[in-house]
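Here the structure is laid out as structure tokens; the discussion comes afterwards.
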Amino acid sequence: MGKRVSVYRKEHFNAAHRLHNPAWDDNRNSEVFGKCNLPNYHGHNYELIVKVTGETDPGTGYVMDMKVLSDVIREHVTDRFDHRNLNLDMPEFREMNPTAENIAIVIHDILRAYIDEKLDIKVILYETPRNYVEYPA
Amino acid sequence: MGKRVSVYRKEHFNAAHRLHNPAWDDNRNSEVFGKCNLPNYHGHNYELIVKVTGETDPGTGYVMDMKVLSDVIREHVTDRFDHRNLNLDMPEFREMNPTAENIAIVIHDILRAYIDEKLDIKVILYETPRNYVEYPA
Amino acid sequence: MGKRVSVYRKEHFNAAHRLHNPAWDDNRNSEVFGKCNLPNYHGHNYELIVKVTGETDPGTGYVMDMKVLSDVIREHVTDRFDHRNLNLDMPEFREMNPTAENIAIVIHDILRAYIDEKLDIKVILYETPRNYVEYPA
Amino acid sequence: MGKRVSVYRKEHFNAAHRLHNPAWDDNRNSEVFGKCNLPNYHGHNYELIVKVTGETDPGTGYVMDMKVLSDVIREHVTDRFDHRNLNLDMPEFREMNPTAENIAIVIHDILRAYIDEKLDIKVILYETPRNYVEYPA
Amino acid sequence: MGKRVSVYRKEHFNAAHRLHNPAWDDNRNSEVFGKCNLPNYHGHNYELIVKVTGETDPGTGYVMDMKVLSDVIREHVTDRFDHRNLNLDMPEFREMNPTAENIAIVIHDILRAYIDEKLDIKVILYETPRNYVEYPA
Amino acid sequence: MGKRVSVYRKEHFNAAHRLHNPAWDDNRNSEVFGKCNLPNYHGHNYELIVKVTGETDPGTGYVMDMKVLSDVIREHVTDRFDHRNLNLDMPEFREMNPTAENIAIVIHDILRAYIDEKLDIKVILYETPRNYVEYPA
């Protein structure tokens, strides 16, 4: 039986967003989110790291083929998110504020459906080189 | 008299944009700029490097005080560009397409007015870690 | 109720230090700490990452506002440590050797008092790009 | 008694390898490993991070002297792996496919013998800036 | 008429090589190239930056469409070099030693044929994060 | 005859310094240099890049053996500067303020004596990831 190892794959996408809670009025949104709430959006080069943990396969020596992992991330996440406006173009963020925390949760939940359930997954998302998040904690 | 040295200062800003030539119709814009032309904008973490070349001052040992250079960049560039939509919020890009090349030219021309004319300046702008530009060449 | 997410904020400070145990004589200090014990100090660009773990707030989508986290780190840590000599200027290191391990523990204990106790915190400190520490482990 | 802290030390080595399971025929190897199975090898700048966790020593303030850790890694790992062909030159990979997962396991098992058993160790290995692994998970 | 700007595009490939001058005997090769001459090859994650300088086009605001530049580099360089053994698989290095200098010259000469001659090009090649070259100087 | 190529080698050292012009009184030093003038020093992880330009040698394919370049930098620069206080330990900075500009000039002048005069050299010095200098310009 294989040993338990984590593998990490890094991808990226560029997107626009603004922080805005549709349940609040404009004053409260501006007060809470400051310049992140400016009406015409701003954007980021998001760096996305997906961590997959499981036992190595004795035949391949892989936990998971990183080429397959990369393809899954691209098909289901980065091709959908890249060069998009998260608030306007993505149904997931119609009602939910696209903070880094919420984007990571959404990406995790998308990927969970396409990765073997014997494998644990974690999403690390860099909004900038100085701000990043990890889900699940 | 001092020796001729270049100093570099790196700052950053996050902004939304789309590539779009207002003189062209939508079909041509879409054909030429592809997903960079998508209507709802996307965005980047822009890394901005300003290079200043001149002789060192015998008293300070500085070409230019990097604190002063940083303050000039922040006051006249990053505070104006950060968390903005370049197409909608910046008069400079009403008529001009906000490619990395054009953003670098605009930033250069802004800064030129605030830096001693004895000093040469150059602007290096990273749109992503894999795409960047330099002006003047 | 929100989901449990970790958020990370990266800050930096530049400081001088030397490794020295005041309870030992000079020979032993020199033998144990080598060039890190040289009497006139050396220094580092410290990169400081603070990890905060908790549930996202349903209103904001934040675990903690990263702007607030950044302000707390600056006010209580980097403004005090930056451009200082850790051995001479910081009372915390009068009796305690300023190894990366001990600096991380001190920073953790400072920040613990200013961050909501429902949130878990961890400090990651890069002394150089090749040496770094994490506390608590 | 000291507090529990993790310390990390980063080293590097350059090596050639190919992915190949000697128990399979060429067709199956090519099908499973694609261009990573090409017969004349390819190579990587491996970045190796070793994490050591334990209590700080009250005298030194160290979990482990990073100079000693660096020397152990160099003597037992990087001096043996650097500028080598993992498949041809390293007995560990005669029978075992040199995936990043397996290289990390081998390095962990080598280092385990040379680091005080009171200390926990973990190996993080970057095969490229976008693919990396961690063992134990 | 447009302004003169440089644009840079970064790509990467992984390859095996050894330094070896076929006109010399083994002793001299070993003496001159040391461990870089070891017979079973080693390898690198090469980072390749192509710099293109020219005037911006008034219609697009581009010196050159970076998507096109990326496609040219991939088709003519990285798809041919990636996961290959430079000495054994590439006719360019049958007679020529694959030093970073020579690889950069070869890549430059390949690309020169596919990029508009009004544009100047320069190749920057990282063999490791600490060793890199630029051609033409 | 070989082609003209530039090669770059990156090394590093950690040092303490303070900015101070011994010809000025304390008030003027404090006014001009701010927190960089604090009396007990601060420090940096300096990243030093040496660029050497010349023709490739037809036998080796090298402009200069990077191993030799690395050894020259270590022997004459980093072994002397590393873990030192530039103001107190280095005779070069008794009278001269150790700004990044002046440190780069000093390093250039040291290295110039040890590198073949047919080769051009340039020194790039990072004081922090956001401040760096280049000499000659």
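Per-chain residue numbering starts at 1, and chain names A, B, C, D, E and F are given in the order in which the chains are listed.
Here, contacts are C-beta pairs under 8 Å (C-beta built on N, C-alpha and C of every residue); 3 or more make two chains touch, one makes a residue touch a chain.
Source: prediction; values computed, not measured.
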Go through the assembly and pull out the chains touching chain C as well as chain E. D, F
Chain-centre distance (mean CA atoms) for chain D and chain F, in whole Å, is 33
I'd like the Å distance between the centres of chain E and chain F, where a centre is the mean of that chain's Cα atoms. 28
Among all residues of chain B, those touching at least two other chains are 129
Applying that definition of touch, give me each pair of chains that meets it. A-B, A-C, A-D, B-E, B-F, C-D, C-F, D-E, E-F
Per the touch rule above, chain B residues touching chain A in the complex are 12, 14-17, 35-36, 38, 40-45, 82-85, 88-89, 128-129
Per the contact definition, I'd like the list of chain A residues that touch chain D in the complex. 3-11, 53-54, 56, 59-63, 66-67
Flag every residue of chain D that touches chain A in the complex, lowest number first. 19, 21, 23-24, 32-34, 96-102, 104-105, 129-137
